[in-house]
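Got some structures for you, see below.
Below, subunit A partners subunit B and then partners subunit C, in two separate complexes.
This part shows the complex of A and B:
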């Protein structure tokens, strides 16, 4: 059965492949739905900025305890939240807009993080911090990823109505309820939480890819918000699976391959996406002419 | 006027002294020597003794393959009277760094005269730079460093010769000890997995097979295929032990061990010494540590 060998055998034969797949699925279930909200709120770059913001915190954790789960998670969470809140404060109190303050924060974070990791002397660990190690997920990391995914889904379910309202019509939500502020804060906290989870598997530079690429692609496929969330999660899972399979057969690094697969799906949606892809626009133009 | 000029002269003189000869001002006898990494520095310290002050650019636990030079390194090189490098492509960054630093000191290639082993990486054959992993080669390193020191500091020739002679005796003793220890391990069990195949010379010299999930360099990330190959191989050939290395992700090794059923050995040091309080703070301790860890995992 060559097809079985190609697509399924790697996972039945090797536990590390199953672990990597389980980790990717956990990341894909929770991250892309958050990405959908980020994109609809025009905050796509916020995710990127916060992913970088995690680095110095995780690096401080690394500095104190090496490549260990707890300190790096706590450090990353703390740093991500500081930047999320800090850039909002800067945007409200100074002349700089939010995008500029985020850009400033994340450049500083990235430079600071790389410097801190290098302090410990062994620079190969920097690669693991920047690019993660999806093949080396141990039990504790898997449990953390699953817990983050579960908590995120539960929180999204509970906050779904105010979150959608705030996304599509923030002033309406403000006129009927005072939940807008807390919802925004909880949402950003969820984003940071998922980026920290993604950081363990994919590293700071790629974690945000799992969140944004499937979401951007889903936006091109459908207008319907509920469907968009489902499609985004499904694409994340598909990208995780396809990336691992290609990495397995072609002998290429797994983390970057997973994000590349998500990128490939995005490019396909960009061309063929029924809700705003290139092809649709082209067709409509012709139709109007005729 | 005269007063002001005196002050300026005084400042200039102190600047010159502070900038150009800070080390000699305090300890005039010690000659500054730069080695690219901790193991070479240890050899140089043993040969140079009190006459030289050795600085290693890549410190304990650092990875020489992917090192990013710092500005301070160029300063050290500029001040050095002798530069000791491993050669065989280990320090890809050193030529540019020496050029950039404007260093005029002679460069000693410590592997000169060693017959380099070939090594396969991703289908390409390259020279294996980790020659110090065989004690016989370490003796050549020591001889090269001794000759280099004598060439730049002929006054110390007798000191360098006698230091080198007594250190070479220690290495002879070490070699006997290592061979005796390894003889206790059954030949069929002398196969292990480590994260980084820096043990090619060790393997040839002492009859071990080292198999690595990553290539010759720690620069490349292991792919799923590499890891799968290793696990298949451990199962197929019943390889008894897996070892961590001090410079790559230990979680990957643990996951391979858990999946394949091999035992996880302690830490082997290959490319870098440990910090002074660690088990491998000198070359001799490093070799002893490695052999002890290997016997502990393989002897039963």
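This part shows the complex of A and C:
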């Protein structure tokens, strides 16, 4: 098969593939940079917890209004923001650390969601919420994804300094500015926003993968913060493209394959990553003079 | 004489238990004041109160003529995340926060100032080094460089010389002395009384309450030190509400 048929034709021939690619690129531009901060803040599992937290809100939106973009997005956002803000406030005002307060809030949210779902009985369409439908993105969803990506990048640019300061030396930021609390909450809100965007394309569970895998991989490739963000986003885009191509030719579901491709890139970085990969650890060469 | 900091019947503490109890007094502008006392005497708590990271249980801390952002505070064992990929220059540049904020650029003169601060603490050539590769002493030097860049009128140091080699202590003491010559107000929590006697003209001896304050030689007498040591360290779990009038 010619290379063109293999790598490009699926997108020129089928509009749904083009839409899927545009949607994954939007997700990959904003999600992985957030993931880089989550990893550096040792909050890698926060994304996962947040994904559980938004699921009930999205399900509630689905149960009240059916499979429509608006209610599910608003429901997911509301549930995620309540958990993000609630756990942030608890972490700053009580003895509980962020991980414990977040766990408490998302478990309550999850239990509440399961209870709500059981009121109306389960439904096959809920699979859409869980595993997304990157091949069925309509105009409204694409615009939502693009808007979320744009807003996230603008907000990250504005918050970059305090976010880095809060991560490196929180007590210093607290001594020069009161922005630490709001910055942390806005950051978590951005994570929620991107997970809500991600669940339309990839589903709640896989949306976390798009955020965290390219970020973890970029951490293994470079020590430079700016490069890390760029590499993470580039890997997200690459994974989106490769996942769509493989799923198209192999007839496999595209959402999981996009994440599998991101996982493959992560495994490569784990072995060959110049900033702490396995090879570098075991093949160091002779020690230097000074 | 100008007053930099005034304590009025100040009580600071945790969960209603006082760590600093009914403290009155003033710190003059330009003072170089050592804060001494046994463990649990409230020294760190007092600095947190002045820095504004701990609200008083009662009484007040007044900073006539100063705003809270005129204070630079170096906490005990600064909780810098050494795994974060950031270099020495960028950490020292954090000291410019008040002037640069979210978007402000770093001007050429400010870059020169950062480099000068790094050189002043003996870290010349370390600008691009990752924080993760620094030793304990180098880390403390870097934090002093950040204090230099902060250019604050009041500088609070919480046990700045703990677990640091004598060469580094000597270098950093000369930074502190330079601040004193520039008429900045410096409060330092210290355990090494020989160091205090040699370099700090004034001392506050604290054992939750003030034991003595004034010229270092007059404060660090064996009688006062014995009195400070007799402080009961543990909180009294059955303590009644304090009856002393506020």
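To be clear about the criterion, the second predicted complex is superposed on the first by the 246 of 290 C-alpha atoms of A that agree within 3 Å, B and C clash if a C-alpha of one lies under 4 Å from a C-alpha of the other, contacts with A are read in each partner's own complex, and residues count from 1 in each chain.
Keep in mind that, in the parts below, a contact is a pair of C-beta atoms (placed from the backbone, for glycine too) under 8 Å apart; a residue touches a chain by one contact, two chains touch by 3 or more.
The shown structure was predicted, so the numbers you read here are calculated from the model rather than taken from an experiment.
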State whether A:167 touches subunit B only (first), subunit C only (second), both chains, or neither. second
Just to be sure I read the superposition right, which of the two partners does A:158 touch: subunit B = first, subunit C = second, or both, or neither? second
Looking at the overlay, what does A:249 touch: subunit B (first), subunit C (second), both, or neither? first
As a test of reading the superposition: which chain, subunit B or subunit C, is in touch with more residues of subunit A? B
Is A:2 touching anything from subunit B or subunit C once the two structures are fitted on A? First, second, both or neither. neither
First (subunit B), second (subunit C), both or neither: which does A:224 touch? second
Residue ranges of subunit A touching subunit B (in the complex, touch as defined): 10, 13-17, 19-20, 67, 118, 121-125, 127-128, 131, 133, 135-138, 244, 247-255
Show which residues of subunit B lie in contact with subunit A when the two form their complex. 59-63, 66-68, 218, 220-228, 231, 246-252, 254-256, 258-259
What part of subunit C is in contact with subunit A in the complex they form? 51-53, 69, 71-73, 75, 78-81, 83-86, 91, 94, 97-98, 100-103, 130-131, 146, 150
Listed in rising order, the residues of subunit A that touch subunit C in the complex are 40, 158-159, 161-162, 164-165, 167-177, 222-225, 228
